[in-house]
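In the two complexes that follow, subunit A is the common piece, with subunit B as its partner first and subunit C second.
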Partner chain A sequence: MSRLLDIQDLCIGFSAYGQHRRVLHHVNMHVEEGERVSLIGQSGSGKTVTMRTIIGTLPMPPGKVEQGSIHYAGQSLLDLARAERNALKGTGISIVLQDPMLSFNPVLTIGRQMDDIIRYADIRSGRRRPKAERRAQMVETLRKVQLKDSGRVLDSYPVMLSGGMRQRVLIGMALLNKPRLLIADEPGTALDVTTQAEILALLNTLVAKEGLSLLLITHNLGVVREMADRVYVMERGHIVESGPRDDIFDAPDHPYTRRLMAAVPPLYGHKVKTVTHTGPGDMVAVEGVSKDFLTRGGWLNRVTGQFRAVRDVTLNVARGDVFGVAGESGSGKTTLAKMILGLTSPSAGEIRLDGRPVSDFAGTRDFRKLIQIVYQNPGSSLNRRRTVADQLAVPLKFTGQDRAAITRRIGELLTLVDLPQAYASMYPHELSGGQKQRVAIARALSVNPRILVLDEPTSALDVLVQSTVIDLLNRLRDEFDLTYIFISHDLSLMRNFCNRVAVMLRGEVVETGPVADIFDAPRHPYTRALLSAIPVISPEEDARKPPVTEAERAKVLATSTELED
Partner chain B sequence: MFSYLLRRAITLLLVLLGLAILIFVIARIVPGDPARIALGPLATADQVTELRAEMGLDAAFPVQLWTYLTGLAQGDLGKSLLTSRPVMDDIRAALPATFELVLFTVVLQIVVSIPLGVMAAVYRNTWVDNVLRVVSLIGVVTPGFVLAILLQLVAAHYLGFFPVTGRLDGSIDFSADITGLLVVDGVLAGRFDVVLDAARHLFLPSIALAAAGIGQVMRITRTAMIEVAGRDFIEASRAYGIPERVVTFRYMLRVASVAPLTILGLEFASLIGNAFIVEFVFSWPGIASYGVRTILQKDLNAVIGVVLVSGLFFVVANLTIDLLLGLLDPRHRIRAARDR
Partner chain C sequence: MSALLNDPDAPNRGLTSGQMAFYRFRRNPLAIIGAIIVISVILAAIFAPWLAPSPESAGSFVDFRNRHAPPSWDHPMGTDNVGRDVLSRVIYGYRVSLGLVLGVLGFAVPFGVVLGLAAGYFGGWTETLIMRFTDIMLALPPLAMALAITAVLSPNLINAMIAITLLWWTWHTRLIYRIVKAQMNEDYVEAARVAGASDVHILFRELLPNCVSAVAVKISLDAGFVILFGAALSFLGLGVQPPTPDLGTMVATGSEYMPEMWWQAVMPGLAILYAILGFNLLGDGLRDMLDVEL
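Entry: the complex of A and B
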């Protein structure tokens, strides 16, 4: 085998405002022909800089290659003339970016964007083809990524396709000009877990069938285990460990790799923590709750249709529970949470918090002191223009305390979430993702609520940071006798954090019960399909996943190849 | 599409009706008797009563409103006290001049500000960007009348490159009967001397009027371009080998043009009413200066007429922009289709 991509001793630095910082240190890595290689690292580890340097989209300046070389198929990429370098884009090396929602131009049709990619590659290579021939190539490529109805896909705008389809089209776009090396940045991680499983299977098929080489950039170790022959682990710009996949997973050598492995919440096996703690009495009672959304339109905005987002849901959350609500996008879990928070009212049924109907006191001071929320993305749930202290003071001002008391309370809150006092005067952009989420938790706790709704509180965080935030939440629950409602699609995390879960599908709760029962003996096919789709990091866990037949899977899951209406 | 347009057209009429009623009510509430003002302090009480009757001011308020609205439906806005002519005739005479000036101004804004905004974004944080930012800031902060007088003094009076005032040189015998726009009618009549002279007259006032908008739209274009440049799909297009020029114009500018176009549409509408300073300086016989004169004279019929015209331009400009954005951005269209 020959080396298709060979990076030797690569050092890259950034200079900005007179400061110089090296972000890649003597990186050595290679990809053989037909090989699947993974580059693992947390955000900020330098994996994206590596990717951009390979494809040639790293802005220079401020970036600068200080030493080292990158060879692709024998050519030294960093020494090529600009035109020759550009000629390789899309035709030699191509990429699939992470987010299938953001990777398309929203105002051009898929067909137009694909046509541009083929046309300009043709122009560079001095070829001329009629439009019909280019279209034939697009249809052919869409067939490779297993999309039916390619004509409709090509005439669609990106917003008209589902997430899974967009991810497929995105892979198709990367493959249009038949590249030999495909670089994939976190493929499928922005999608639901069942769709992600389909996408990963597709990528594996393509590598085998099309003779592609794959460089996968990710922080998800479960994905790596399913997708890589060989692995590089990157920490702060250094490759700290590399080797065949099984070696790394069976016997991680570097302490950093070991820490990463340990931080991944296990789905099955002896490492699983089962939480059983629960208290007396119902904290949240949801009884026969449904929510309909009306679609309006036509003359005078008449009601033209009805959509049932939540259907006859009954749940009881006991005092001290960590109650998980699991489900994929569109399952109704967020709508349910909004009703519990009194932000929208149910169309039918009743919700009681601590014995009082939500409809009686939603929006009052008592209500806000009872229940609070922590959102998914602390980057957008915090106000970028206000300091940490300002944001923590907002809810406190409604409690009628004087300024000195508020300042004192802000100090207490920061201590509570393990942040130094000096952070009070900082702005969100000066904090890391985990620190921002701690501020968001502190803000939710400021009025001493008894229930916290946690809406995917760690899904935007790296796995090491996630484990520290989960530890914090566990500690706070014990300390303040809190009740959590934890909304997530991450079932591995739920297994170790919650004591009871409910699984939602298309607005209905299909299964609910103690966490160990649901995970060890799932009854509903959808729960089984969800569990079996989770990428895990050991064969032990894989072996214990519940069985699910193709027929069952087809019944409960929409595949990512169907068009939305 | 047709039903969408129909719906928008009906909303547009309702907005105008609401505006007409509102401005009529306001005109009747403001203190001061229009008849007394029209006749002057020396007129007798009898004369005032007589004129009030003639103007219909003695009737009950709902009757006045009804008379007014039925007149409006037939294109009758009443008589102007200032010119003693039907307000409709005054507007018909003055509107084309302002319309032509504003049209010219907005075209100037588009062709100058958008390319410069793109340039500032492409060369951001270099000397090109810095120069453009300073220039745009100067454009925004310089008051229109200062610029108007400066241009008139330097380019017209001292250098003599452009005429000082007016729409057309006195020596040219031409009346714009078709559209009222001299440049357009000149072309239609095959009188290219008229076209050239009218364009020369338009040049300075439209620069004075355009400057603030140019600076603003340029900055908005720059910001929007930079925001779009940071999106994933731009990096993806580059990685797929789309040339930089195509990435900038087809991929970035098309997405980034939503904000500047919205501003330009509102700019167009507001200039119709706000052009009066420049119109005064350049003795431009337009509707903005007519509006100001009638307000000072408490010539209520005329004021209502001018406000209505200005309102009409606002709603039409808004509709046009909405349709344009629908063409540029399929998400607007898809949402509109879904709502149906």
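Entry: the complex of A and C
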């Protein structure tokens, strides 16, 4: 086999603000004809820089290729003239970007955007084709990515498609001009796990059928195991390990690879930690709770309908529980959390915290001392214009403490979450993602609450950082006898962190119980579909996934191949 | 860009955002020129009595022997129709202009910002009331409004200031409203509410700091336009009254002697241009440095 893409000794540096820094160090990697290769790395490891250098979209300056070469099918990409290099776009190398929403222009139809791609490729290669012929090619491509009703899809605007359909269209666009190398940057990571599984399967089928080569860039080891023949592991701009997939997964050699593997929470098998602790008495009682949202429109903003986000949910969370609420986007898990936090009131039913109805005391000082929240994205939940100390002081100030007590408490809180005291005067952008989340946890703990709502607290973090944050949360729970409500779509993490879980689908709790029961013997088809869709890192885990039939899957999952009416 | 430079989970040990902003500013020659011009105008206004070659020209001084003298070493910008030194009057004129800027923006900015914060934060009827009123004010032609106001009251500096202020706050309301609306989607607002923070705290301690850089840029761009607007009013005889030296009035009076005795109108005109150019270059530089969209 010949090398389709060959990167030799690539070094890239950045000069910005009078400073110089090298971000890629002597990178050697290649993709053979028909091969599926994965580049794994955490955020900031240099994998995106590598990808952008290959496709020629790295801004230069500030970026600079200091050494090395990139060859595509024998041509040296870095030496090609601009026009020759552009001619390869789409026809030689094509790319599928991560975010299926941001990659579209929202005001143009899908058809128009696909047509542009064909037309410009035609112009570059000096061809001219009638519109109907181009349209036929688009329909053909959409069929390849298994989208039904291609005519309607082509006439739709991006917002009219679901996330999964947009990702399919995006893949179709990359295939329009029959490339030989497909680069996929975190495909499907922005989607729900069941949709992601469909997208990965589609990519695998396409690579096999069309004879493509695939370069997959991702941080998700589970995805890599399903999608790669050969793997490169990148850490801080260095390729630290490479080899056939099974070698890397069975016997990782480099300490960094081993740390990465160890940090991935196992779904099944002997490495799973089952959490069982629980205390006496109900801390949170949710009884028959529903929430309706009114949709408005038409003349004078009249109510035109209602949408039931949460439907007749009943849950009990015991003192000391780590209670997981699992569900995909739109399942109503965040709305449920907001009702528990008293930020919005239920349309029906009642929620009691420690025996008291939420509606009686939401917003009071007592309420805030009972329950607090940690948000998903610390970049958004921390105010970037205020120092760490300022932000930690807010809850303290509004429970009426004086300045000396506040200062003392801020010191204690930083120690509690393992941050140096000096961080008190820093602004959020000076901290890393994991450190920011620690500050957010410290803020939630500042008034000694007894319940914490954790709204996907680690989903914005890399897997290594995630494991340290989870360790911290476990330690704090033991130390302060906290009760957690953990909202997440990451079932592997839940398996190891929670003692009880509830699975939500379209506003309803479809299954609830102790974590081992739910994972080992899931009864509801949706739970089984969810579990079986999770990309895992060992064959042992794959083997123990629950079976789910096609009919069951079709019943509980929304399709990403068809437009809804 | 900085995301590419960062280590996975190490804190950002490089430059602080202040240093980066200053670096961007330093690399922008036009912004530096703008800053120098603005500083020179401010210094000229403050030290006018010491800088002006003939401070008495700022008043109702008359020297008929020297009237209509062209630019020379004694009078670098020439003299006007009663023999006063134009350069001295320009320097004193900056005092009036900057006073106008301070007066107008000193009232219009806080007023506009508070209304914008309230409209964006509270939403609902508050928002409708404030923003629709703002729209109505914006729909009125500014010069006609200012003319009407100063004509009803008597034409002088204070009334010109009131007229411009009444028109100016609207832009700040709109700017802040839009920023706050975007910020309301950020979790920190809800986080503050869960922490028990009061509305006043959220408005002024959480949201306002996120508006500061945009307001700073807007103010520096505004300053030039306020000077221009004030000069336009004076030109029409509705602003500062003689003998107080005002750049707009000087252009108006000087224009009667155009084109033969051009310096009487052109020199104060250039002085207006100089100040506005300075404020606008500075504003653009600040915008790049603080990375805000207006």
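The rule is simple: the second predicted complex is superposed on the first by the 562 of 565 C-alpha atoms of A that agree within 3 Å, B and C clash if a C-alpha of one lies under 4 Å from a C-alpha of the other, contacts with A are read in each partner's own complex, and residues count from 1 in each chain.
Everything below uses one rule, namely that a residue touches a chain if its C-beta (ideal position, glycine included) is under 8 Å from a C-beta of that chain, and two chains touch if they have at least 3 such contacts.
Please read these numbers as outputs of a predicted model, since none were measured by experiment.
By the document's definition of touching, neither partner reaches A:167: not subunit B, not subunit C.
In the superposition on chain A, A:104 makes contact with subunit B only, while subunit C stays out of contact range. Judged by the touch definition given at the top, the superposed model places A:399 against subunit C, while subunit B stays out of reach. Legend: residue contacts after superposition of the two complexes on their common chain; A:383 is shown touching subunit C, with no touch to subunit B. By the touch criterion defined above, A:14 reaches subunit C but does not reach subunit B. Greater residue coverage of subunit A by touch, when subunit B is weighed against subunit C, goes to C.
Of the two partner chains, neither subunit B nor subunit C is touched by A:218. Of the two partner chains, neither subunit B nor subunit C is touched by A:492.
In the superposition on chain A, contact is made by A:429 with subunit C only, not with subunit B.
No residue of subunit A is contacted both by subunit B in one complex and by subunit C in the other. Per the touch definition, subunit B reaches subunit A in the complex via residues 7, 231-233, 235-243, 246, 250-251, 254-255, 328-331, 334, 338-340. Touching subunit B in their complex are the following residues of subunit A: 52, 55-57, 86-87, 89-91, 94-95, 97-99, 102-109, 113, 116-117, 120-121, 124, 157, 159-160, 170, 173-174, 176-177, 296-299.
On the side of subunit A, the complex with subunit C involves touching residues 14, 16-19, 21, 23, 42-45, 48-49, 62, 236, 341, 343, 363, 365, 368, 372-373, 375-377, 380-386, 390-391, 394-395, 397-399, 426-427, 429-435, 440, 443, 446-447, 462, 464-465.
Of all residues in subunit C, only 1-12, 14-17, 19-20, 23-24, 186-188, 190-198, 201, 205-206, 209-210, 212 touch subunit A in the complex they form.
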